[in-house]
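So, here's a batch of structures to check.
Two complexes are shown next, each including subunit A; its partner changes from subunit B in the first to subunit C in the second.
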Partner chain A sequence: MPSESAVTSKAVPAQEVTATTAADKPPNRFRQALPQYAAVSPFFILFAIFGAFPVLFSIWISFHSWDGIGNMTWVGLEQYNYLLSDATFWKTIGNTLIIWVLSTVPMLLLALVIANALHNATRFRTFYRIAYFIPNVTSVVAITLVFGSIFSNNFGLLNAFLQSIGLGQVEWLTQPWGIKIAIATIITWRWVGYNAIIYLAGLQAISADVYEAAKVDGASSRQTFWRITVPMMRPVILFTAVTSTIGGLQIFTESRVLFGDTNNIGGPGDAGLTIVSYLYQSAFINNQFGYGAAIGWALFVLIVLFSIINWRLIGGNDDERLTRRAARRVERRIAAQNAKRAAAQSAAAKETADVR
Partner chain B sequence: MTLSRRKFLAVGTSAAAAAAAGLTGCGSRSSLGASNELSMWTWVGSVNDDLIAQAEKAIPGYDGMKLAMTRIGTNYKTKVLTALAGKSLVPDIVAINDDVATYFPNADQFHDLFELGAKDLEKDFLPWKWKLGITPENKMMAYPMDTGPTALFYRSDVFTKAGIDIDPAAVAGLAPDWDAYIALGKKLKQAVPGSAITDNIQGVYDYRMAQQPKRYMTSDGQYIGDQDHVRQSFDLAVRVVKEGLSANAQNSTDKNAVVTNGKLVAYNAAVWWAQLGPKNAAPKTKGLWRVTAAPGGAGNRGGSFLGITKYCKNPEAAFAFISWLESAKNQAQAFLDPVLFPSTPATYTDPTLTAPDPFFGGQQIVDVFAESAKKYPGAYFSPYDSIIGTPIGKELVNIEASGKDPDQAWADAQRQIERELTRAGAI
Partner chain C sequence: MSVERIRTVVGHVVLMLGVLVSLFPFYWMVVMASNTTPDIFSYPPKLWIGSHLFENMGKVLDNIDFFGSMLITLIASLGVTVLALFFDSLAAFAFAKYEFPGRNLLFGLLLATFMIPTQLSLVPQFVTLAEFGWIGSLKALIIPGAANAFGIFWMRQYAKGAIPDELISAAKVDGAGFFRQYLTVGLPVLRPGLAFLGIFTFINVWNDYLWPLIVMTDPNRLTLQVALDQLNGIYGTDYSMVMAGALMSVVPLIGVFLIGARSFIADLAAGAMKF
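Up next, the complex of A and B:
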């Protein structure tokens, strides 16, 4: 918005200049701006073809029944109606949220710890940073295949390990929780380094003065971490939480690759079927494109919902929140003092009354 | 010459415009490839490379045209559907998997092969296979490629340990039906603990269904997926699991694992499993496997087809090509590489097929599968078979993986099927 107004305000004097030098015809404003429009047009043309059109077309498809080749049949809101009564769809929402919690919470905690360690590392710093970041640039398909062998029921490394220390075999890839834990582990492993690097940047932005002051005051390293590092990192932590939420709602590849050899990409009992993999299964395996589009829009609504929740959580800028909190604290203190005073007064009044 | 910015932009713009015209243009021509090229899409490992290389020079028996082949790695069907939906740059010839019936509602997207002279070649093919490519409106939409006759694979070393005669004829006599096969499985398990006779619950169900003369719908659109023949297959699969004879391998890694670690000692499967299972996953078991007639009779699972799209620039040349590629002689070559089982009975006596297979202890395994292919009664596949089969398969997995009550699972599957079929407008 501000840039737009800046452009027009600049364009006005330029127009006046050309108007005086050019012939008597009044200049066409659009033609004047044509080169500029042409210069910015490639983005908008490509966006219209590959961004806007598919989005709008998917709304159109979601009101139809379409197998991909034949004619599209108008069914109105029938796809959405089916969606609301589709037990599988509700299950995928549950699966997605569970996998999201199982992956995001340990991931962010671990990332914070790793970032702290990287921050304090004195030797091989670059090596460690690269080492932690590598999983993020590795193909998720390759990662998933490797983890598939680790969690494999009959032949997995994890089961071999569990058996070697005398514990039983766990059927990771057939039990509902095993599947979710396997998928969450893959996500955690892949993104922990990425978040750690972001945290590291946040850590490096914290002034050394604060730490020095803490040291002078005799704070232990644990106190420093929880009382200084974590509060100072709050904006960065919130950023990673928001991006992990958006990513977490779109989990797809992991279950697709883990169970990709069947028509049922959610694994046994649909325990690993996420919203996006259900969309993919509906549209591209069962060729119900209308239904796939409807699931896509349901996911959109869900993401909007979570964005609003995030918005409420973050709400306003930091200074405002801090002042609000400080103001509340002061209010509470004043209220407490008032109450004490009132109690004292009433006690005194009672005393005097008793005396009388 | 110095390249000014203006000139650079002008050249760039005109190049982009020319490219765009090249992509979308040429108005009338909507099929992919140059005018003397027949474009063809298949997935990897569905044709013999030498034959394709030959046709890429010139199509045998049809001068002036040559083949342009594209092997699609992943998401094959999605790409074909996208091309058909886009109505432009559609390949002339596409390979179609065993879900050929799902294309029947859109048979108008393909040429009727009867009109191109397919009728004369019918006698060369297995009758049931031939019928699978014909729509209920008697239009031939797809031409047969390979088939997937079923038989019983078994480990001779484990059978010897259990004191069972390993001669194929003897094993076939011991297990003529599924009841006898389960009894045999119990005996094997006693001799070698941990032995399984199927990789998972669906293995039994799918291969039992593959032996039936009817499946989920009649050719006039009646739903019969809730009838006895389906329920009995369902119950049989449950029984094998309850007897502890399933290896409970639900994904491809585990399916390979149970072959490699020797848990799977017998398996009623289609011919392509020889390659997919033991030869790939357990090369060390070379010489230990044998094949014999399956308990419960002949069956077929899998097999593919070729279709000529309606956008084809030269249907006669395309038909000449596919009938050449799938001739009895050339199907013998496709059996050697990439191991596709022919749909032409004349091929079954070809010396390339009847050679003893050292992996199977020098047995002539083709005889077993040829017998199965010839005896298989054939069944009608409806366009809705996959949306009917999926809920049943899912519920079977629930029974095996999480111990769901079989009656509840059956009821849930039927309810889901009814919902799906109603939505699809099939019932």
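Up next, the complex of A and C:
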């Protein structure tokens, strides 16, 4: 520590002296920044070892046939060729996307409803927020076990309830759709509160003046919602859409724990086998490391693809411009309203003056 | 006025229903953990808390090394949290408050790492750690997560607003070097931000399932989540016991969350708004 402070105290006058000779300046700037480089280096060193290198290495592995212990055999693009014709792989993509839609759509809609209600509520706010957030911080394994029992085919709570109101039983954990609904329910339950809190923050960031102006304008609550709330919330909605897409494509724990069977981690007929489950199964159960790496790259391509689609769909590229435009539109309207009112007033004043 | 009132009441009813749905699985966990398995599987099912909780918890302790797993999970969670708080805040302090050549490039690089899904490097990470001889050891759980891009990004946003430049200038005038400035100016101001990041990191590591499943290969040294899953896999027929285990694994976590819940939630929301 003392040697370090000595460097800076020396460096400060040194800079003043050499300010006239430009040639000495560049090396000094780097030397002066040494402590800063030291401060940011742990991340980059760890990332190089556990992030960047593995990513590059995984390309190499995916070009080989390898069981993780023996020799690596170069097979070129064969893993990828096989991947494209592998019915199970396509099935896992289908499963993942179905579960993703089944969970994300209700999750974000419900979150918006809850956020709105929270925004309007003046009492018990902290209690609500904590109660809605608790599912998100809970152990996924534990909660999946609970939902597993609720969805259980013969004695599950849900079936007991359905039976008691005369609807009969559904074989949730053996039917392809039942499995997906069960997994999607767990995900929705865990993430609704999280997204609602994010939306609430977005709602609170919208200035009250804007709503006041809309009210003066005589806007209905539906108009206010679609013309002001939604456009102003665009960046926040984009954030939740992108994060839940990335999260949704990486579903693993729920389906793995729900069936609790190491040999058949996707449940009956692989109906709950997700992309990551398949990656795990290929690499760490069947010891096909090369194939597991190839699946990892396919997942990466999908994530990038879907992030771009989201971006385009919700207009993330120009979201700032859009929000600003929405704000300007409101401002213009306020100005017009004021002008109209002023005109009406002056006209009224004139009229009364004329009458007199 | 009365229309307004009806609207408020309806709003609270909706919110309360939501709260019930949010909390019901926890209640159900307690119901199952405190009854016997035959009771749960009877029709109609028992809906109230029973008297077999301690008996079921005892069975959990008999069947898996619960406290051993908890200790491993605790050491891993605390280890990652302490290291990440230090490395993340140090890097964030430098990124937020100092000009240095290549700063923007390095920060851009850091943000770019967000794009890489962790699953992509699962296989080669495992191979690398096996090469190091770390498989099955706590190092495999702690070191790879010791500094992370999210933490640095989040702390930097926080530090930018929280630390006044005047304080740093004053410390400089006093002859403090960069690390002294970090300790005397940065750390005290960043404390609330560190609290959030600490809870966030702790909960994430505690809950992680996939990574420990892969690297903790010794069946006698499993993390809590993996041990719980094993309990379910082997003794899945004894639902009450499995639920008692689940309950025991969840309670400490909720405790940690509740300690800082209020500001934790506010900070998380604020962090998301900055993206």
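Quick notes on this structure:
FYI, the second predicted complex is superposed on the first by the 257 of 356 C-alpha atoms of A that agree within 3 Å, B and C clash if a C-alpha of one lies under 4 Å from a C-alpha of the other, contacts with A are read in each partner's own complex, and residues count from 1 in each chain.
Operating definition for what follows: a residue touches a chain if its C-beta (ideal position, glycine included) is under 8 Å from a C-beta of that chain, and two chains touch if they have at least 3 such contacts.
Because the structure is a prediction, the values reported are computed rather than measured.
Counting the residues of subunit A that each partner touches, subunit B and subunit C differ, and the larger count belongs to C. Within the superposed three-chain model, A:Asn286 lies in touch with subunit B and out of touch with subunit C [touch as defined at top].
In the superposition on chain A, A:Gln345 makes contact with neither subunit B nor subunit C.
When the two complexes are overlaid on their common chain A, residue A:Gln169 makes contact with neither subunit B nor subunit C.
Using the contact criterion defined above for the overlaid structures, shared-chain residue A:Asn264 touches subunit B, although it does not reach subunit C.
Of the two partner chains, subunit B is the only one touched by A:Asn153; subunit C is not. Of the two partner chains placed around the shared chain by superposition, subunit B is the only one that A:Gly70 touches, whereas subunit C remains out of contact.
By the touch criterion defined above, A:Tyr82 lies against subunit B but remains apart from subunit C after alignment on the C-alpha atoms of chain A. In the superposition on chain A, A:Ala121 makes contact with subunit C only, not with subunit B. The interface of subunit A with subunit B overlaps its interface with subunit C at residues 68, 149, 154-155, 261-262, 284.
Residues 75, 78, 81-82, 84-85, 102-103, 105-106, 109, 247-254, 257-258, 260-261, 263, 386-387, 390, 393-394, 397-398, 400-402, 419, 423, 425 of subunit B are the ones touching subunit A in the complex. Only residues 7-8, 11-12, 14-15, 18-19, 21-23, 25-26, 28-29, 32, 40-45, 87-88, 90-91, 93-95, 98, 100-101, 103, 106, 109-110, 113, 115-128, 130, 143-144, 146-149, 152, 172, 175-180, 182, 203, 206-207, 209-210, 214, 224-225, 228-229, 232-233, 236, 239, 242-243, 246-247, 249-250, 253-254, 257-258, 261-262, 265, 268-270, 272-273, 275 of subunit C touch subunit A when the two sit together in their complex. Those residues of subunit A that touch subunit C in the shared complex are 1, 4-9, 29-30, 32-33, 35-37, 39-40, 42-44, 46-47, 49-51, 53-55, 57-58, 61, 68, 113-114, 117-118, 120-124, 126, 128-135, 137-143, 145-147, 149-150, 154-155, 157, 160, 163-164, 189, 192-193, 197-198, 200-202, 205, 236, 239, 246, 249-250, 252-253, 256-257, 260-262, 276, 279-280, 283-284, 289, 292-293, 296-297, 299-300, 303-304, 307.
Those residues of subunit A that touch subunit B in the shared complex are 65, 67-70, 78, 82, 148-149, 152-155, 171, 173-176, 258-259, 261-264, 267-270, 284, 286-287.
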